[in-house]
Structures are given as C-alpha cells and as structure tokens.
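Before I ask anything, let me first share the structure, which is written out below as structure tokens.
Labels for the chains are A, B, C, D and E, by order of writing; each one numbers its residues from 1.
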C-alpha cells in the first residue's frame, strides 16, 4: 500500500520536474568558473557558492556576483559597470535560494533583509524561493523585512553597506 | 676544504633535505587526493562518522557518538580498563552541553 | 662585515675540531638529543596527519545525526520521527540508519555492523572489512558464523571484502542487508538505530539541529561540525598527553645537557684558559659555545625530524602501534598521508632547541669567564 | 713602553684567605730591550707578568702602555690590545692537543677575522722560519720537545706583536735547547721586539742578550736592575 | 584550556624567557648598585663578567620573544575553528579579554628587548661602558613587562572556553562597530593614503638626510615611530583589502594565513625590524657626545638607519605593488 502511494508521488514529482524544466527552458544559467570575479568588488565568486547570483544577457554573456547586494548595485547602475547594456538586454537574473542552495529566478524570489545571516560581503539580501520559506527564515534569523525584487531600491542597498 | 665549510654544507644539506621532505610530502598528499576522495565516498555512502582506530571498546569506535554514561568514559582522571581510554580524551560532545541546540 | 664572517668561520673551524676531540661524549649527547626530537616529532606528525585525514574524509559524513536518548543512553529511534524532521524547512533528506556492534568471542573483537544504502545484498550476504578478513581468516565466498540476539547461530556468506585502502575507516565493518540486520539483532521494522539528515545550506545546519531537538525533545542532534571538532580535540588531546609524558624525557635530557655543559673536564678548562691567554676574548668563547650548541642542536634536530618523518609515514608509525592498538584486535593497517607543516617544525623547535639553549647558557658563560692567567699559575 | 705605577694585586679580597700577590709595585719596561724577571717561585713573577701582559687587571695602581692609560679598561678592550701587542710563550707551551701544528699557530689570530688564506700563509711562513714546515699537518702530541717549543714561539709571533712575553720558557728544556731559545730571542731583539722573560734559569739571566734583570721576592722588587 | 602542542610550547617558552630576564635583572640590579669601572676589585671583575652573561641572555630572550610572538599569533590562528564565529586569529584572540593585550605586550616587549640589544651593542664599543646604567635601568623596565606578558598569556590560554561565541575579524574590523579599528576604517581612504605615503616619504627622506649628514636624528626616529603606527593603521584601512581582494575585509590577521602565502609574517617582520632600528637611532642620539662613543656611535647609527630605511622601503614597495597589481580594483 505504502509503496503504491510512493510510486504515485514519484510519478507526480517526475511530471512536475519535467514541466518546470519545460517552462524554464529559456533560462540557461551561465556556467561559473573558478576565475569569475564579481564586477563590483573583484572577489572570486566561486569561493562562496552559497551566495552566487548572476545576470544573464540576451547576447549570452553573464555577470556573476558574490551576493544579491552586489548584483543589485550592478543592476541599478548598468551604465557604469556594463556600458552599452540596458535593463532590457537582461535575459535572466538568478539568485541562490537559501534553503536549497539552487539557483532560482531572481525576479520571483523573496528577499529577507536585516537577518543574522551574513554573506561574504557582510549584510545581505537573503533570497528565498517562496513566501513561506521567506517568512520562516525571517523568524528563524531575526530578519527585519521581506522584499520582492521590485521593492528593492538603490537607497535600500546603501543602508546595507553601513 | 675547511671544517666550517663542511659544517655549512652539512647544514645546507639538512635544510635541503627538510625542504625535500616538504616537497615530497606535498606531492604525496596531492597524489593521494583521489584516495581521499575514495575514502570520503565510503564515508558518504555508508554514512560513517568515525575512524576505526581503536575498536576494543565500543565507545572508542564511534568516538563522536558514544553514550553519555558509558562507564567512566575516558575521563582523564578515570582509571579506565581499556588502554586506549587513557590516550583518547572524552569527546567534546560529551564534555559540553549542546547549547546551540537547546 | 667580511671580517666578522671570517671570524665566525674561524671559530666554527675550531669548535668543530674541539667537538671532534671529545667525540664520545658529544656523540652520546647527539644521540639522546636526536631521540628526543624524534619522539616528539613522531607524536606531532602522527596526530597532525590523523587530524587532517579525519577532517578531509569525514567531510562526507552526514550533516546531522539524530539519535534518541532514553535515560541518557542511545536508543533505537522510531522511523516515524523521520517524517517530523523531513517537515523542517531546509532539510533535503532524512535517512534511517541501522548499525550496531557485535562482539565476536571467536575473533575476540568488536565488529561494527552496518546496513549500507543502495547496495544490493541478500539477506544472508555480507561484505566485510579487511581487518575482519585478516583476523578471522575469511575471504570472499567463505561463510562467517555469528549468533543472533536469541542465541541461534547464523551463517552469512561473504560477498566481498572492502578495499584495503579504506581500512582506516572500514577495518571492522560488516555490511549487511536491512533484513539480515533486523534478524540478527531483533530490531523491529519500525525502528532504526538513528537518522541522518541532509541539509544543503551549511549555514542552516545549526538552526535545523535546534529545530530537531525542539520537535523531538528526547533526541540529540550531532552535527558534522561537532564530529570534526571532536576529532580535532581528540588528537590535540592525544598529542598533548603524549607530549606531557615525553616532557619527562625532555627534562631528563635537559639535565643531561646541563650537566654535560656545566661539568667541564680539566682538559676543557685548560683549553679555554689557553685560548683566552693567547688572545681570545670572553665574547669569542661565548660565540664558540654558541656554535657548539648550534652544531649539536641543528644536527640532532635535522636528524630527529627526518627520522620521525620516515617513522610515521613510511614505517607506519611502528613504535606507536602498541600504544594505540591497546587490546584492539582489529587494528587497521594504514599508511598515513604526510601532512606536515612549518608550524609543527616550529613547535618542535620550541620544545627542544629553545630549552636546550637556555639550559646551556649559564654553563657556557661559566666556561667562558675562566681567567686567562689561570694557565700561567699552574 | 710599559709603565706600572703602584701596582697592587690582591686575591680573594675580603676573605680569610686574602693574599696579596703584589705590593705597590712600580716599574718601567723600556722598548726594544730584553728584560728578565728573576726570583723564586711564589715571588709574584707570574702575576706581574700577567699584569704586564694585560691578562689580568691590578686591584689598584695604574698601567700605562705606550702612553695610554689602560688600567680600568674592561676585558673586552684589554684583550684586543693584548692580542695585538703581546705574544705569549708559556712554561708548558700550552699547545692545544688534537689539532695540527699549523692550526695551533693560527689560533691566536682566529678572532681577528683576517682572510683565512692570508692567515694560513703567515702561519706557514713562520713554520718555515722555524724549520717546522714538514710538521705543519702533524698533531702537536707527536712533536719532540724542541719542535713543541718552536711551535709555541711561532704561535706567539703570528699576530706580529711588539712585545714577547715568556714565562719560564726553559724550565723543561735541556741546556742545548735552552741556548737555542736564547738565540731565537736574540734574533727577535735584533728585529726590534721588546722581550720580557720570567725565569730563574741562569742560562737565561746570564745570557748576554739580556739587557736588564729585575729581581723579585714576596711580591716586591728587590733589585730593579740597570736600565 | 586546550591541550594543544602550540599552547604548551608557548607556555614553556614564556616561562623560560621570564626566568631568564628575572635572573638577568637580579644581576642588573647588582650592577646598578655596585658598578665602578675604575676599580679592579674582584666584585667589579665579577660584575663585568656578569655583563657577558646578561647580554647573552637578553639576546636569546629577544630572539625567543620574536619567535614566540609569531608562534602566538599562528597558534591563535589555528585555534579559530574551535570557537563559534571565529574566522582567523582575531576571533580566537577575542575569546577573552586577555588575547589582544597579550599580543600588544608581546610587540612592546620585543621592541624593548631589541632596543636593549642596540644599546648593549653600542655600550660594548665604548671602552668605559658609558651606557651601563641606562642599559640596566631599561632592563629593569623590561622585566615586569615580560612577567606581565607571561601572566596575561597564561590567563588567555586558561580562559579559552570553546562555548564562547566570539566575534570575528569580519565584524571587528568594519566601520560600523565601536573601537579604534572601526574609527580607522571609517576614516576617508584618501586621508589614510596621504597619511601613509606622506609619513613614509617623510621618514625615508629624513633617513636619507640623517644617513648623509648625521643631522635630524631625532626627527628621523620620531618619523619612524609615527610611521610604524600609521603603517599598521593604513594596513587595516586600505592596504589589506588588496591582499584579500575583498573590499570590505580589513583584518590585520587573516594576512598571516596560508591562503596569502604567509606574506603577513614577512610584512610584519619588515615593519618590526624597521621600527626597531629606527627607534634605536633616536634612543642613541643623546649619547653622541660621550667621549668614548664619539667615534663609533655615528657609524652604528648609520647602519641602523640603513636597515630601517630598507625595511620600510620594502614594506611600502610590497604594499604598493599589491595595490597596483591586485585583482581588486576600487
């Protein structure tokens, strides 16, 4: 009995995975190499896999960051860091989900600020895949607020650097 | 040749030999990396947590998971009747409360 | 500059021939000194290598182990608890583990029985570690006779032997199927020995461990970090104890060195008197004594370190084996990987050369301040 | 050359075993002369010699060497002066056993830090002068009495000192060797060296090379001799 | 308390050094009391002989002190995994209140012992030992400091409690905490850069002037001392980040780790040696007119100046090289 239920569960899971793969077909994560450096602070990104974030452009280039904070700095000032590119050239933004340490869509993620989890660059926006996770994280790690991608402002990023 | 030159040569030789040992150790360590991977694989696949250095008492086989009250444990002041107990100290998990976990 | 170098070389020249003239005494010192460096060095190399080895290979250990405690003792855990743990956010997977000890009166050794994940074993098939194979003289295809919890003999066929390379981990292991394990020990199908928890984000491990203890108050959660730290502490402790024991030897050596340096023979006193009379200054004699110490120290230090290195990494620490082994029958045969660092050499230096130097300062000075006219008055 | 003024030397000062070796002694040694200190053993010859040779410091009094007051110089500096000014020949030669003849000769110059090859050449020249070249590499314990004596003299000369100090140099020599020693001293005098000898051997103080004999007894000078 | 070989080694060496300086200062006090260079009495001769022993002892103690300084930091560094929150030596040193004072005292005692050796070297060149009183007074100052250091170090090791959650360099050396370190970091970078290169240039120029003309000795020595402190501050403020290639990491201790090729030991050694010799020049200045030192002292000072300038120059060169060629661009 139990095994039958497990089997059904498994098949469902398989279908779901396949579906999500299909749905996310256009997101092709850039491949991180050990020599990739954060364009904001210059440190090697691969040393801190739990915080990696990336911005992929439509021409196939990709920028890697050692945290969402640096990614946002880059995002808000593309003209400075990547002249010739604008936000419309961005194909995808991927951030590392705190709990699964898997790359998830940055536009859809929930970000917790003010928590006791620090990234390699100090205070961070900690990305969570879904709202429930974000809420739990906020409670567990004494977070201050949960933000959506669109709520993040350059001013807010500045406060994180103090 | 002067004796002092001989001495300097000897010291130089000693330093070189020491350096050679370091270099050799470095290369052996590098060459053994796959072996480590293999062992780590064994650990991973079997879910092992401890080395098998001393097996005469059961709490010395899985050091990190011994019972709290296994008789006398290996407290430094305890006269344990397993020889290994006088050499291996009590695991930290036993001597300190799990304060992070409570 | 060149003059002072030339002067030191001259003094070394003389020191060497002076050492050589009393070779019996000095060689004895050299041998004892080397032995001290060798023993301390062996302890340090050995523990450091084991520490590193443990740190690297145990990194594959499960992130968290959950064990049920009853009256403070480790008990079987109901498999249902796994469900509770799985519900905690951040937990990737929870697996039940079955393992236990078996004392074999024939081999007179403790075996560790373990149910491996994803290995296809029939109920009466086992895979044994190289140590068991050696002790019991059983090989692939043979049968191993064990007794179940209720006293019935049970014959298990050896399907394979674990690789000798992993002996440091697996020497005493018997891998058995879950059904076989339950039948051997009478463990019910609802229980497991303990549970292992996989967590993907390292930063979350302690939070999850806290949550587990919160939800299962009768359980303890052992994290991988704790295991690794335990090993660090255990080997540091071991090195500390060994060094404390060896401190006696070092002390004896120092007394010997002091005595050797202080008890100048009449011949030596005369020699220093002559040197001073023909124009050597106290500081020159002190320099000669400095070189004497340096020559002896460095020679013994190099020799001792090199010997210790070969002893630990190429002679499998033969001299330590009896101590470590104790009564354990299943002592693994292993060759350590030479993890050595300058730090160890530095500490070794602190333990041997510095005390020796200090012990010889005052005797050297005593010798150096012999009156130059002493030889004219005899 | 060397002037001693009111020199007093006390051993074991303040103890019950206090012993005054030299009593307020005043003496001037002229340069380029051979001076002999004569007196029975225990008369303070050796103590005086060691003070003259800057080997020991007097308890009181002043020493002036070549116009410079050196009385209160610490050992460190005194040794430097001694090394460059004096060459010593001891009663028992005091050669170091176990090392070669040439090394023995070079020994006083070791702390100077002269280039080794130069030093070796100087020593070899000296050995040649004393017909010891063939023994250069031999150990000193294999030398005959005369050879040992000549080695000791060579050693005293290696730093090219102005003053040669000899303490009972002929005490263990037969007449022939004692005369030979005095012949060597004559050569030195001819080279302009100042020579100080402590001896009660008639061969020494009756030798025609000697310019002045100072007689001592119980730590006092009883006859300063003619200058 | 940990039973760790490094800790035992440090314990032993500290006890040995303390014993040595105590012994030395006992005779130092006797020398201060009874020294009379004019006398040829046996007391005086004995005291003169003692000076050989004391200078030998202090030379060894100074070398041991330097070794133990680095061993201490390295040991603290290796202990950091035992403390929650520690990333490098800073975390371990922060476990209790004795950690940092011990490091600072070790630095001070090393410098003082070094200065003692410089004075001793000079004194031994003057035929009447003109600095003997200065020398032994200084020794009497050093001794209590070394004893205090031994006690502090023991307190530190005995008070190591693995349950303490410590703060690591990441939180200590940031602008947003209170303390000297954060104030340094929150200073504008340009100010620190100007201060560093300014004082460094000043010190080097004064060094050159002193070397050529023998003038401005005090100025040079003062500049070297100030530069010593400013260099450490600058290292925390803006030089370190180029070694770490992390714009927010200001730790002065992580640089001692293997990942950075132990370059930190070399850098601190340069700074210590340069500072020590530079300070030595100033310390010797008042004695230039002493009759027995007139001839030898200027040469000694010139040597010291040369060593000091070379050390500082190398330090600046390495730091500047790293700033220019680092992967980190600010």
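We take it that a residue touches a chain if its C-beta (ideal position, glycine included) is under 8 Å from a C-beta of that chain, and two chains touch if they have at least 3 such contacts.
Note that this is a predicted model, so its numbers are computed, not measured.
In summary, the chains found to touch both subunit A and subunit E are C. The chain with its Cα centre farthest from the Cα centre of subunit A is D. Top contact pair of chains, counted by C-beta pairs, is B-C. Among the other chains, D has the CA centre that is most remote from the centre of subunit B.
Centre-to-centre, using mean CA coordinates, subunit A is 44 Å away from subunit C.
The mean-CA centres of subunit B and subunit D are about 66 angstrom from one another, to the nearest whole unit. If each chain is reduced to the centroid of its CA atoms, subunit A and subunit D end up 92 Å from each other. A separation of 40 Å divides the Cα centre of subunit A from that of subunit B.
Taken residue by residue, subunit A touches two or more other chains at no position, since every residue touches fewer.
With touch defined as above, residues shared between interfaces to two or more other chains in subunit D number as follows: 75-76, 116.
The multi-chain contact residues of subunit E, meaning those touching 2 or more other chains, are 3, 49. Every residue of subunit E that touches subunit A in the complex is listed here, in rising order: 170, 174-176, 245-248, 326-329.
On the subunit E side of its complex with subunit D, the touching residues are 37-43, 45, 48-49, 124, 127-129. For subunit E in complex with subunit C, the residues that touch the partner chain are 2-6, 8-10, 12-13, 16, 19-20, 49, 52-53, 56-57, 60, 64, 67-68, 71, 74, 78, 81-82. Residues of subunit C that touch subunit E in their complex: 44, 229, 232-233, 236-237, 239-241, 243-244, 282-283, 286, 343-344, 346-347, 349-351, 354-355, 357-358, 361-362, 364-365, 368-369.
Contact residues of subunit C toward subunit B in the complex are 8-10, 12-13, 16-17, 50, 53-54, 56-62, 65, 67, 69, 72-74, 95, 97, 101, 109-110, 112, 114, 116-119, 129, 131, 162-163, 165-173, 175, 196, 206, 209-210, 212-213, 220-222, 226-227, 229-231, 233-234, 237-238, 241-242, 295, 298-299, 302, 305-306, 309, 313, 323-332, 337-340, 345.
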